[in-house]
Structures are given as C-alpha cells and as structure tokens.
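Two complexes come next, and they have one chain in common, subunit A, joined by subunit B in the first and subunit C in the second.
Let's look at the complex of A and B:
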C-alpha cells in the first residue's frame, strides 16, 4: 500500500501553490513601479535650455541687424564666436555660480547634386566620448552661403544641431 | 487506517489564505505610497515648468491695456502675470512688465501665487530674473531649500525706446527760435499708425500702447543764446532768464481734424523723482515725460497720430533784438523737418528698442 505521509492532498496543495505564485507575480510586478518617475526631468530641462539658447542666438539684437548671430556664425564658419556666445548663454544663471553644461555643435545641409546630407562641425566645449547622457536640440536657419564650397552663393536652409550634457 | 501526518488542515489553509491575501494587499500598497512621496518632486518640477512657460511665453492678462500699466489700486483686475511682449513673440520679454512684476506693491506669496503659480496647494517659490548686460538680478520669494522643482528659461529683454532732444538735436534741426515772443511751443509727434505699420515684429516695434516711451528735453538753458548782441540793446544772460513750463497739451489728428484731447500733467522736472503738475516755474534745464501705455488707452489713441505740445514761457521775452533764442518748432520756418519732432524709427531721433540677454529662473517647493 502506498503511504500518503508527507504529501499534500490535491485541492489544498494546488490552492496554496496558486496563491504563492500569484503573490510572487504581484510582488515582482509591483517592484517595477520603483522606476524613478522623474528620470527624464533633467533631460527635459536641458532640452528647454538648449532650445532657448539656439533661439536667442537666432534673434538679432536690433531691427537694423539683418542677420542673427547664428546666421552670421554659420555663414562665416566662426566656431569660436559660437563657443563664446552659446557657452555664455546656456550657462548663465541668476546666481553668481554659472552652470557647467557642455556641448558639441554642427550644422547639416542637403547636397543638391546627389541629395545626400553633409555635416560641418561648428565647435565643442568638450569632445563627445560616447558615455555622456546627452540631449539633442536643433534649429533651422536660413543662410546665404556656398554649400558646398564649390557651389554659388544662395539662400540655403541648414539645420544647426547641438548635443548638450552635464558632467 | 490512513496515516494523516503531513496533511494540511482546512483551518490552516483558510488562515494562510487570508494572511496571504492581506500580505498581497499591503505589498501592493507600498509602491503607491512611494509614488505619492516621489510625485511631489515631479509635481514641483511640473509647476516650475508651467510657471516658467507662463512668464516667458505669455504676455499676461489683461493685454490691452497691458497688466503692467494698472495702478496699485487696480491690481485686483490683473488675473495673470506674463513677461512676453506679445503672444506671438515668446522669449522676448518686456522691461515694463519685469519692472512692474518686481515692484513692492505686489505681496509675496498671495499676489504672485494667484497670478503666476496657480493651483490649490500652497507652494513656496522663488522667481528671479537676471538682466545679463546690466548684471542686475531681481527676485521674489523665499530662500531656496535643499530640494525643489526648478526651471531655467533664457530670454531677451526688449528695452524701452526713448528720445533725448538736447543741444545737438536743437541746433541740427534749428529748433531754437528767435521770434519776438515770450511763449514758445515745442511739439513732438507720435504717429501710432505709422509706428505699427513700419515695423510689424513686436520684438522691435515701438508701440506706445504697450510700451512706455520716454521723451527728454534737455539743455533748455543752453538754447538761450546771445546770437546777435547789439550795442544798442541789453544783452540777455541765459542764467537770468526764468523758464516756466506752462502746459503740456496733447492733440489728436483724426480725419483731418486736430483736436486737443487732454492736458498731460506728470512731467518730471530737472531729474526729480516725483512728477510736477504744470505750470512749473524756474526750470533749470530739462523736462522728461515717461508716458505709460495706459495714457494711450484712456485716449483710445493706440492707432492715432498724437502731438505733444510743450508750452514754455520765457522771461524776459526772447527776440533777435535782445539777442536771445529758445526752444520752439511750431512756428519756425527754419526747423528741419518743418514742424514737429517725430518720435519714429529714425535712430538719430529716437534710441530704438534693443534686445538684451536675460535669464528667468523659477524654483517651487
């Protein structure tokens, strides 16, 4: 005769097992809520800052200025001016201690010959190593420039793209 | 007989089930409790963001006349603060609005909470604006704690336009009249229709119905010159002449008809901080008008052509025989352009609105 010592009798055992499985499932599922809800707040703040900075650089100081600083920078490939203006603008704070945001910038345009996209480096406050958690901001700018250098002067739309990150 | 060892009883199973259900319920509550704690900082950031957007991208309410032109007694009519010069020009903020926002007539936190922060929860906050070019920071609110919601916005402050009619302008345009009169009238024309039509971008527009304009008349005594002293006449010394500002009349030109609409009664004389009401005697050297947009609203002259006429009384009377001149352009054929001084987009006449870098920070906790 088969002994039944040490066994669970059918329905009780199945019920207890289901309850434990359900518990484990709920507990594991519940812990996933611990993912920080504000993980993207810093990214959002950085993105707004970058967008504002590009917008301000693309605003002439007077109505007599026919071109914005950003247009002039792209037209003359003046990377040092971009570094100075963008760095000051994006790191300005109302307190005495400036922020420490780094950036790298370039602009892109369409090659009319073969419809490919060509990019030109503007300047960077630090080289991008790949480990940074950077956000990307862009601004379309109309410039009168030879793009590429072998072309004639004409109004072209270029996309200025800046990657920003904090240390 | 069946061996019962190792079996679970029904009692135990029921008890264990109840316990496990309670345990599951409690466990599922814990993350909710944590979310509740965490959501405060998320909420603070969201409120700070919202306030930043309202301040930098919105002109506030009322718009016309703008809220910043409302006096302290009318501040209850202001429903929303906002710095933007217009809804179509975000990030271009008005110097007038910033000045009014930080003036002492608004009380922290109530006046600011109901017009900029909003919401039922009594947030603490700090709002600060930095004029980068002038290195000037103004703020309202509490001292920042360790943790708070935060947003920083970059903007441009639209400076105020102004004109200073001094000796160089007076000589250049021949505004120093030599007529044999004691009463001299100097006129400044503000053609709102032309101002709004010539430049349409609100960032650079001179719009007296939205922005304060400033008119300075300086070097008044310098215009009293002994141009043709004759041995037969008594030479007039400029420092012995008494200058009185009799009145400042505002005329409106509508459909070919010029009509006086009001007397302007708040000129600032000789750099004093409090305006005087004409007639004002013994003026030393300058008269300034700081014209609030509300003046144009009261006159319903946002699209009209206005003449602001300063009437001066000079004793002893100026005339060529006594070799004396004084500021006058309403009856002077030599004046160029003939007649009134134009408040316009000509940079030689008027210092144009200029954009300056600014930083707006909002912290909420």
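Let's look at the complex of A and C:
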C-alpha cells in the first residue's frame, strides 16, 4: 500500500543518493598509488646511500694504512681525491651508465678560542642553486690538524657533512 | 535498514581513505631514527679512547659542541681507562684492569645511553 514512486523526491532519497556518491568517491580516491607519505622513500634511500659511502671512505684501505682515506683527505684538504672517491662510490651502478647524484661536502670544526663552529669546504660536483631537494649525511672523523690554522697541531674531531641530491 | 547499513559503509570508506594521510609513513620513521648518528658517535668516542684519550681533551670539546650546533643532539661521555684516572688529580686505580666508557646521547626525539666495560 506504500508506493515508492515519489521516493526520489523525498529527503531520505536525496540523502541516500548523496551518501552513495560520497562513498563511491572515497572508494575510488583510496586507490591512489602514490600517497603523500611516499615522498620520503627516495630521501631515505639517498640518505642510506650517502651514509654507506662515507663509511666506506672512512675505512683504511689496507692493513698497512693507519689512516682512512677520509682522514687523509681532511688532513691535507684534498678536495679532488674526495670528489673522485665519493663520486665513484655513490654513482656506481651495475651496468655501464652511472647514476647522476650530486653532492657538496664540507667539514665543521670547533674554534678553540670561543667554542664557535666553522666550516671548511671540501668539494662539490656542482654549486648549489637553492632549489635542490637535498639530504644531509654526516661522519665523524678524528684528524691530526691545526684547526684553525693558528691553533696547535693536535688530534681533533671534525664532522664531515655531505649534501646529496638528484638532478 | 539498508539506509542504516549505508551509513556504516560510508564511515568505513572514509576511514580507509583518510588513513593514508595521517600518521607517519615507514620511510619517515626510518629517517627520523638516528641509527647511523648513534653508531657513528659511539665509534668516534671509542676511537678517542683508543688514542689515549682523556676527558678534557680538545676532542671531547669538539664532539660535544659540534654535536649540539650541527646535529642538534646533546652528547656527553666519560672515559675511565685502565690504570689511568679520569681526573688527573685522582689517584690511579692500580687494581683496575678495565676500560669504561659512559656515553649519553639525546637528539630531542631519541635518547641513547651506553655503558661499556672491557673484560
């Protein structure tokens, strides 16, 4: 005795229709492949890669070396050797075509006079323009060096910092 | 009845849809935890101890200050080397055959404390 002929024109019908549309929208929207949280996966991979590369550089290359390449690089400010080793480590891929990860490296040391921190440039694959989405990796190194140039010659701890990004 | 069931479907779809936006993704969690920082600082402090390091060395000041300013982490440590007093004014512990290091690290989110004794 109750006909459904006018249902579409009732509030219940309109509300039911709206709920169906909203649900359908949410269901379709929930299937997106790239979620906002996924933006960090690339950053994490780059950070681990850079960290491993710095660890490799800070390992003595053979039994007779008492200092690692990174220690020697910081002690002698050998920027080109750093570029060579780090670039070959980080951009090395299986196959013939190397990767294109860019980096800029410096090391931070403490000024003994007032405990402030200074940075000294090591090398960079190209200059920063400011638009790069870079991650930072760091490595502690103990070096025998005069820091700054006017201080005494002694063992000091410096932090090597490298910014990495993909072009 | 179907009307009420449709409300529950709607709510479920809403929760599943919004779940991708809230919380911390796995990759963020991996980046935030300072695994490499902690292993690095622990290694450099032991390297300091290995080079006949003492508290008050320039290296200790370097590590504490650079950690605070460049890494945003509070780090401090003590070293007691076998037979060598930590404080030069103390008497050496002649019977002490062990090395100790006590390391504190706190970057505001993660806290790490290490107490190491040689055997």
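In this text, the second predicted complex is superposed on the first by the 132 of 167 C-alpha atoms of A that agree within 3 Å, B and C clash if a C-alpha of one lies under 4 Å from a C-alpha of the other, contacts with A are read in each partner's own complex, and residues count from 1 in each chain.
The criterion applied here is as follows: a contact is a pair of C-beta atoms (placed from the backbone, for glycine too) under 8 Å apart; a residue touches a chain by one contact, two chains touch by 3 or more.
Please read all numbers here as calculations on a predicted model, not as lab measurements.
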Return first, second, both or neither, reflecting whether A:53 touches subunit B, subunit C, both chains, or no partner chain. first
Under the stated touch criterion, which partner chain does A:20 make contact with: subunit B (first), subunit C (second), both, or neither? both
Looking at A:142, would you say it contacts subunit B, subunit C, both, or neither? Reply first, second, both or neither. second
Which partner chains sit in contact with A:62 here, subunit B, subunit C, both or neither? Use first/second/both/neither. first
Examine A:12 and indicate which partner it touches, taking first as subunit B and second as subunit C; both and neither are also allowed. both
Thinking of the overlay built on chain A, is A:41 touched by subunit B (first), by subunit C (second), by both, or by neither? both
Counting only touches as set out at the top, which of subunit B and subunit C does A:93 meet: first, second, both, neither? first
If you stack the two complexes on chain A, which partner ends up touching A:156: first (subunit B), second (subunit C), both, or neither? second
Intersection of subunit A interface sets (partners subunit B, subunit C): 12, 16, 19-20, 22-23, 26-27, 30, 36-38, 41, 44
Quick check on the complex: what are the subunit C residues that touch subunit A? 3, 6-7, 9-10, 13-14, 16-17, 20-21, 23-28, 30-31, 36-37, 40-41, 43-44, 47-48, 51, 57-59, 61-63, 65-66, 69-71
Please give the residue numbers of subunit A that touch subunit B in the complex, ascending. 3-9, 12-13, 15-16, 19-20, 22-23, 26-27, 30-31, 33-34, 36-38, 41, 44-45, 48-49, 52-53, 55-56, 59-64, 89-90, 92-95
State the interface residues of subunit B toward subunit A in the complex, per the touch definition above. 2-3, 5-8, 10, 13, 16-17, 20-21, 23-24, 27-28, 30-31, 34-35, 38-39, 41-42, 45, 49, 91-92, 128-130, 132, 137, 139, 150-156, 199, 201, 203-204, 345, 347, 352, 354-355, 357, 359-361
List the residues on subunit A that touch subunit C in their complex, please. 12, 16, 19-20, 22-23, 26-27, 29-30, 32, 35-38, 40-41, 43-44, 47, 51, 108-110, 112, 115, 117, 137-142, 154-159, 161
